[in-house]
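Labels run A, B, C, D, E, F, G and H following the written order; every chain starts at residue 1.
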Amino acid sequence: MPSSSRFKLLLRRFRAGRISAAVIEEFVRQLPYRDLRFAKVDLHRSLRRRFPEVIYGRGKTPRQIASIAQALREAGAQVLVTKVSPATAKKVRQHLPQLRYFPEAGILSDAVSSLSGRGRGGVLVLSAGTSDFRIAEEAAVTLEALGFKAERLFDVGVAGLHRLLKHLPKIQKASVIVVAAGMDGVLPSVVSGLTHCPVVAVPTSIGYGASFRGVAPLLTMLNSCSPGVAVVNIDNGFGAGYLAALIAGRNKK
Amino acid sequence: MPSSSRFKLLLRRFRAGRISAAVIEEFVRQLPYRDLRFAKVDLHRSLRRRFPEVIYGRGKTPRQIASIAQALREAGAQVLVTKVSPATAKKVRQHLPQLRYFPEAGILSDAVSSLSGRGRGGVLVLSAGTSDFRIAEEAAVTLEALGFKAERLFDVGVAGLHRLLKHLPKIQKASVIVVAAGMDGVLPSVVSGLTHCPVVAVPTSIGYGASFRGVAPLLTMLNSCSPGVAVVNIDNGFGAGYLAALIAGRNKK
Amino acid sequence: MPSSSRFKLLLRRFRAGRISAAVIEEFVRQLPYRDLRFAKVDLHRSLRRRFPEVIYGRGKTPRQIASIAQALREAGAQVLVTKVSPATAKKVRQHLPQLRYFPEAGILSDAVSSLSGRGRGGVLVLSAGTSDFRIAEEAAVTLEALGFKAERLFDVGVAGLHRLLKHLPKIQKASVIVVAAGMDGVLPSVVSGLTHCPVVAVPTSIGYGASFRGVAPLLTMLNSCSPGVAVVNIDNGFGAGYLAALIAGRNKK
Amino acid sequence: MPSSSRFKLLLRRFRAGRISAAVIEEFVRQLPYRDLRFAKVDLHRSLRRRFPEVIYGRGKTPRQIASIAQALREAGAQVLVTKVSPATAKKVRQHLPQLRYFPEAGILSDAVSSLSGRGRGGVLVLSAGTSDFRIAEEAAVTLEALGFKAERLFDVGVAGLHRLLKHLPKIQKASVIVVAAGMDGVLPSVVSGLTHCPVVAVPTSIGYGASFRGVAPLLTMLNSCSPGVAVVNIDNGFGAGYLAALIAGRNKK
Amino acid sequence: MPSSSRFKLLLRRFRAGRISAAVIEEFVRQLPYRDLRFAKVDLHRSLRRRFPEVIYGRGKTPRQIASIAQALREAGAQVLVTKVSPATAKKVRQHLPQLRYFPEAGILSDAVSSLSGRGRGGVLVLSAGTSDFRIAEEAAVTLEALGFKAERLFDVGVAGLHRLLKHLPKIQKASVIVVAAGMDGVLPSVVSGLTHCPVVAVPTSIGYGASFRGVAPLLTMLNSCSPGVAVVNIDNGFGAGYLAALIAGRNKK
Amino acid sequence: MPSSSRFKLLLRRFRAGRISAAVIEEFVRQLPYRDLRFAKVDLHRSLRRRFPEVIYGRGKTPRQIASIAQALREAGAQVLVTKVSPATAKKVRQHLPQLRYFPEAGILSDAVSSLSGRGRGGVLVLSAGTSDFRIAEEAAVTLEALGFKAERLFDVGVAGLHRLLKHLPKIQKASVIVVAAGMDGVLPSVVSGLTHCPVVAVPTSIGYGASFRGVAPLLTMLNSCSPGVAVVNIDNGFGAGYLAALIAGRNKK
Amino acid sequence: MPSSSRFKLLLRRFRAGRISAAVIEEFVRQLPYRDLRFAKVDLHRSLRRRFPEVIYGRGKTPRQIASIAQALREAGAQVLVTKVSPATAKKVRQHLPQLRYFPEAGILSDAVSSLSGRGRGGVLVLSAGTSDFRIAEEAAVTLEALGFKAERLFDVGVAGLHRLLKHLPKIQKASVIVVAAGMDGVLPSVVSGLTHCPVVAVPTSIGYGASFRGVAPLLTMLNSCSPGVAVVNIDNGFGAGYLAALIAGRNKK
Amino acid sequence: MPSSSRFKLLLRRFRAGRISAAVIEEFVRQLPYRDLRFAKVDLHRSLRRRFPEVIYGRGKTPRQIASIAQALREAGAQVLVTKVSPATAKKVRQHLPQLRYFPEAGILSDAVSSLSGRGRGGVLVLSAGTSDFRIAEEAAVTLEALGFKAERLFDVGVAGLHRLLKHLPKIQKASVIVVAAGMDGVLPSVVSGLTHCPVVAVPTSIGYGASFRGVAPLLTMLNSCSPGVAVVNIDNGFGAGYLAALIAGRNKK
């Protein structure tokens, strides 16, 4: 961590009376974030949290997204923007054509392309129904942007249990499994009962009536009879992928 | 239906001018219910709905339960009291020792003992966890009181799927299956995906935290991805057994 | 069940040493579903569950619906797509003109036309208000697609009880009754009190204010004082029809 | 209204310069309420609202109830205490034996006994199930304390519709009807559909599971398809009786 | 009531043997409602409930509204359609120009114009804020359609109590008061504390954040510390006006 | 307060017999509000509450806003309209070009421009994320319209704690701090733990899934472990600014 | 602030090379909190937040409370324990008889007695009903412990508005007002409309049915039409008093 | 895995024709679970999920717990019973004195004692307040029973941030951190922002009012602005510990 070692150096010099307190203060004031008025871009997050700051795209204008992304790029960081609609993506890419758009995942990033096919393995991403696969894609692309290889198994809900059981070997070999499910949200419980790795469960707002925009699968997952299920927010595919990466990354140096 | 044919006879006689309107009025006034001030016992429910009136025990004093039960017995009907605590049961049985108490089901009845071992078959009663089995027992004893044979399979939750799959032949042969489950409530979805008979799902209030006293399994069951799941109220073991009996009774004369 | 008997044959041959384990493995891998990347079409559901796999239309593109429907048709299965808007239906039918669209029910199917007027009887479909009849239609068309004759009685809510009571004979003769009701959702309770057959209650999101998009009628139905009411999800006309078909089908060979 | 005419007199005298402003101020300060530190007893409520101030018994000690009741009695007002447990009632009556306790209604009052059998008529009080009758009694005794005759019809829920329909003439002749119902809460809707008088609906917390301590019947009543239903708080038998008295009292001088 | 006296005549004739049971049956079958497939118009509601059947406009097509209205008019009944958007109103009036549209109330009716200025008095309609006045208008126009004169006092919320208190004499003379309020919904409690007539409280969905589309004022009103408050559904201006008319009509012959 | 002192003068004259009661009555009738039919503009609010009446813009037409604003201006009061969309602002300004529009705050006012840069200080306005800054702006502009200087610190959420801690001196010197935060809403708790001034917390509806449109941060703030946090409604930037002004104004004459 | 100035001194000495870094580290390690294993007592909170750390009594054993209180006292801080039952208070006082117990407020403190009758004024504490006065007392005693004089006005709810209006002069002179109200929770809105000081609103769990243990008054207060209302958690009398003290303390040196 | 390798052996023998299908069937029937009627003890869970089956103690009688524990012990598995009250623990230990009881964690186990002081490290268990430490203890003892060393840091909530920051080095070195927090539940967000390891957040039901028995911290955690937070059910200390063990165990062989 360069900035941190530089800080220690400065402190030692201050101790030695070679520099004044003003220098220290100035250094801290220059700590690597950049103020864009509407946003303070956290440029040393990757130092502190291993991954760069991620931009939550919803509710931001294309111009705001482009500015933040540009600031990150200028600082040498990689860019990952989530919950981006196709229209917004198009406008952002007019400023930053280097960003690649993943329409099914709603992600805009310059981190994924460079890693395709490589990446560390062992992460499985499952979705229960055809409609849940967008959130699963968001998790998978996030994993890929963070340097992992994400194997996808979509539409393997329990209504047709044989579709799931066919992949039992993969499930039992995985180091961590992300499961996206809406409606009754039972898939993570069933998957967790079949394996001994952590399952990251992401409820989706897919469904209608008493699914209450994802509350039903959220409660199912929180109450899973099978321990070892980690729950994230409804539709938070990015969060699921990020958490899976943190877990999968544990056995790496 | 005796009372109904008697009514038709009276109407024909009235038509013929042989009896006065007052007789008809009197007959209607005598229609078989009995007023105990706090309750109007519906004595001809069994004519109208095939099964006798059922007494909901909670919130009634032992004396009230005994009075209603006595009125039903005097009218020749069978007695089924639900949600009865051991203490209440003991006091009621001091008045009506003919009633048998089923402590795990919380049921007091004179209808079950006479049918044990016989009864029409094909009904399976499952529970997901050890703690759900009281509600499952309530359903099973209700079925037995209504003349059905209820085969029990308890503690077959999805956390140990092999315990369930071992009983697959029974599950696939059943004519109707009652499934009681608390916490995540996923068992009915899984069972329904394995069979082609209707599944009566009864959520239980077993659990804590975000199970919200049965709301979590209730939502899971209502959102079941596998069609063919009929849901009843939380902890309503009686209702589940009753509905299963109505369904199973369809193919009988 | 052809695939199952074929499997037994293979097992016997393997036992006899005439085929290798690889053949068995290959057979299992060929189990009848088809992977369309975004969906794994369950082609042998009709074997397992008596009815073909049903496509939930909402949230899928016309192209996705058409692909899945095509795969089912090529496997000789019948097609039933629910929650389809007129615009989507029009686009799907450009690929598959054999599918018939039922605009009030929002269903696209090739199963109904062949059965019109025939089908097994005894199923009654009621709606409480004029606005609930779309969900009731969804249930009725589902029943027809599954080979049943569904008699409709719409707009018979309790605000004008005489409209309902006029149909008392039909209600008392039915083998199963589907009741769709929004707002206060009291119709299933009243109907159930008048008959001895199971009532499948489907709450609708019709209403405003404290109906909370169907929560009010859902709770009313779950708490029905009259036992024998099976509840399904809000607006789940398909699920109500499917469950009614499972129940009505019980006394058939 | 004595205090009000007295006030006008004082104002006229002040205008005439015969009394000082201090006298006016003093009169206002002496406005008929009494400060018991923990309570300010509103002694002229009966002037303003026709009925005396009512004491909500829950959460108050027997001593507090007795003090407030005593203050009211000393001011010549009648006493009505609601939600009083038998134990509390016993202790209060040690101080004020003139108060009569109605155990089923949970009411302590000196207003009822003097009116028994007399009182203005036309008010009907219905309860749906045996367990709801306590709340109905609270409404009925409140009506009697306010000078009305309350005819009770208990246990006339829709599960046995003939019990209700037998009383149709009374229902159609009433000037206002109070209906207490728990669980599904459908009785007010049905009653309202049979009459042209206002129906005061009071949901009760009787029930379990998805009745959510009275939320289910509350929602049913608020969404009643039959207009003319006035809803009060869950278990608010007093409020229902009070409102019915206000309505029934409209056609009196 | 013509149909009812006709029925008694028929019964007497049947009793005398002069007509057959078939005639009775036929009469009942001809009971005045009309089946429009999607709706069964209840033509004798005005006999039973004093007021004609009211059409809930939301969720119905202009054509459906026009058909039902036409059927009511042909039967000699008056028409009242609620929750009608300007666009729908325009289309319905192309078929039925006799209906008058009240845009602020969202009501379409032929009953109001004939009564303007006349009507029985004593009903006050209050709204708390400027945004609540549409619901208040819906109540007021409903009252006018039912033959009452509705005096309006809009924007008299408690944030400027002097605006309300200025109208105290009117408030204390009213026979029934309708109060529409959103956000905190405190106005009905305050008004009820100032008068001795019943207050019909209608919560509105006006507000944002923790008003939860009318839940906040609904709860405020249900919990009113001042008894005598009758609550109806959120945004149910029609229901409030109808209930007020039933109450106000009590002291009329 | 002119109107109040004038009232006292009148009263003294009335006492002296120099003016009649009619004059007093007339004065009260002329109390400064103006009736625009849909609104009663409270012109003497600034006397009573120190700040002028504020117009809630949502749900009002541009014409209504302009009329109320015009009435306020004619009475010499300042204008502050909240929750105004750009389109509405444009139309209102066609009538009243003197009003300035603050698009990020959604505020229309003639009070702010005159005070820019001056105003009493000590108020800090923080926002947790980039998307929360609109609500923070609404609070800040409200403060400026009320005569305070509002220092903004946006995008200082706890995910990058160093961005917040850098401003610790300002936080510890502030007299009152407004904090807008959506999603988890933890910022007010953290800020309150770092200072000894009151913190006004305004939850925003920014977020998705289990943020439930602001319920999650609302609950976080209400449960703050750090005392001294005052909570206002979700998205109520105006209310937060107003409350902060009331608090900050306490130590001024 | 001794510890802080000592720290500065140490830093200067370290800068001068007179002490080693170890001394600084040791000092920080000795920062004034004390670890009791189950609790880390924050001894310098009074430096940072002006008031000492407050002990939340519920869920702690008498022994735990006594240990923490003892640690605070040994550090020279004052003790304030909230939500203490009489039984717990008795046991704690066996260890620490210096603490005084306020049974109605549920508070145990050594800070109040020394200030009685003195304290800074201007704070008014109101309660709406007799049952709310415990929470109001908790706020009042908290204020007294923090050195303020709290004038109490209890049982001044809006059902008898004249009880409140009589105190109008006090209300309009106050510098901050705490209002505790359960059930409909309307009192803070009404009070806020009558004054120009901040109102701290504390909803209480008093009530039943649809008050939902304080949710109804909480929502009423959050939606208050009258700006200037600061809301704290349900039953949080301590928090209300603390916040009022922070606000009232602003104009003191 | 002995049973699994035995199964493979049997299959090979069957293939070779040396044993009959009946032997295979028998082996499967003997699969290691034991039926105690009320429970089917899953004896080979440790094979499948690495950890033995865990007994949820609440709602089970001491006798039932002892029977299941005995069955597990006889099969050579270790015992872990959660949510055990002291009274229940005492009774179970009369049958099985080998089990050790951890009163603060509510856990009964024979797995912990053997591992004390050893165990794999790197897991930190934090609690926000003194009252949350029971749930944190449940997580910590679970970790110890599963062979991990759990370092505890209790009462480090954000109200006194310096108590937390003092432990920053430990927090930044941990491989996984469990954080238990009630009330506002902000601690996991803050901790996660300071580290790059996964944080397992367990909301507790500690708090009152708007904490809604743990819903408030649950929502805070699900909405954490800082990614990398895994949420489990309210009060699910066991689940948090189990999940942390699965994650921490990833980098071990």
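A few comments on the model shown:
We take it that a contact is a pair of C-beta atoms (placed from the backbone, for glycine too) under 8 Å apart; a residue touches a chain by one contact, two chains touch by 3 or more.
Just so it is clear, the structure is predicted and the values come from calculations on it, not from any experiment.
Common partners of chain D and chain F, by the touch rule above, are E, G.
At the interface between chain E and chain F, under half of the residue numbers appear on both sides, which makes the contact a different-residue one. When every chain is reduced to the mean of its CA atoms, the largest separation from chain A belongs to D. Measuring from the averaged C-alpha position of chain B to that of chain D gives a distance of 38 Å.
Chain E has its Cα centroid 54 Å from the Cα centroid of chain A. For this pair, chain A with chain D, the centres built from the Cα atoms lie 59 Å apart.
Within chain B, residues 129, 159-160, 193-194, 209-211, 215, 218, 222-223, 233-234 each touch two or more of the remaining chains. Looking at the complex, you find that chain H touches chain F at residues 128-129, 157-161, 183-186, 189-190, 193-194, 207, 209-212, 215-217, 219-226. Chain B makes touch with chain C in their complex at residues 48-51, 54, 175-176, 193-198, 200, 218, 222-223, 227-234, 238-239, 242-243, 246-248, 250-251.
Those residues of chain F lying in contact with chain E across their complex are 28-29, 31, 33, 37-40, 42, 45, 53, 56, 58-60, 64, 68, 83, 203, 205, 213-215, 218, 233-236.
On chain A, the positions that touch chain C within their shared complex are 129-131, 133, 154-156, 159-160, 162-163, 166, 206, 208-211.
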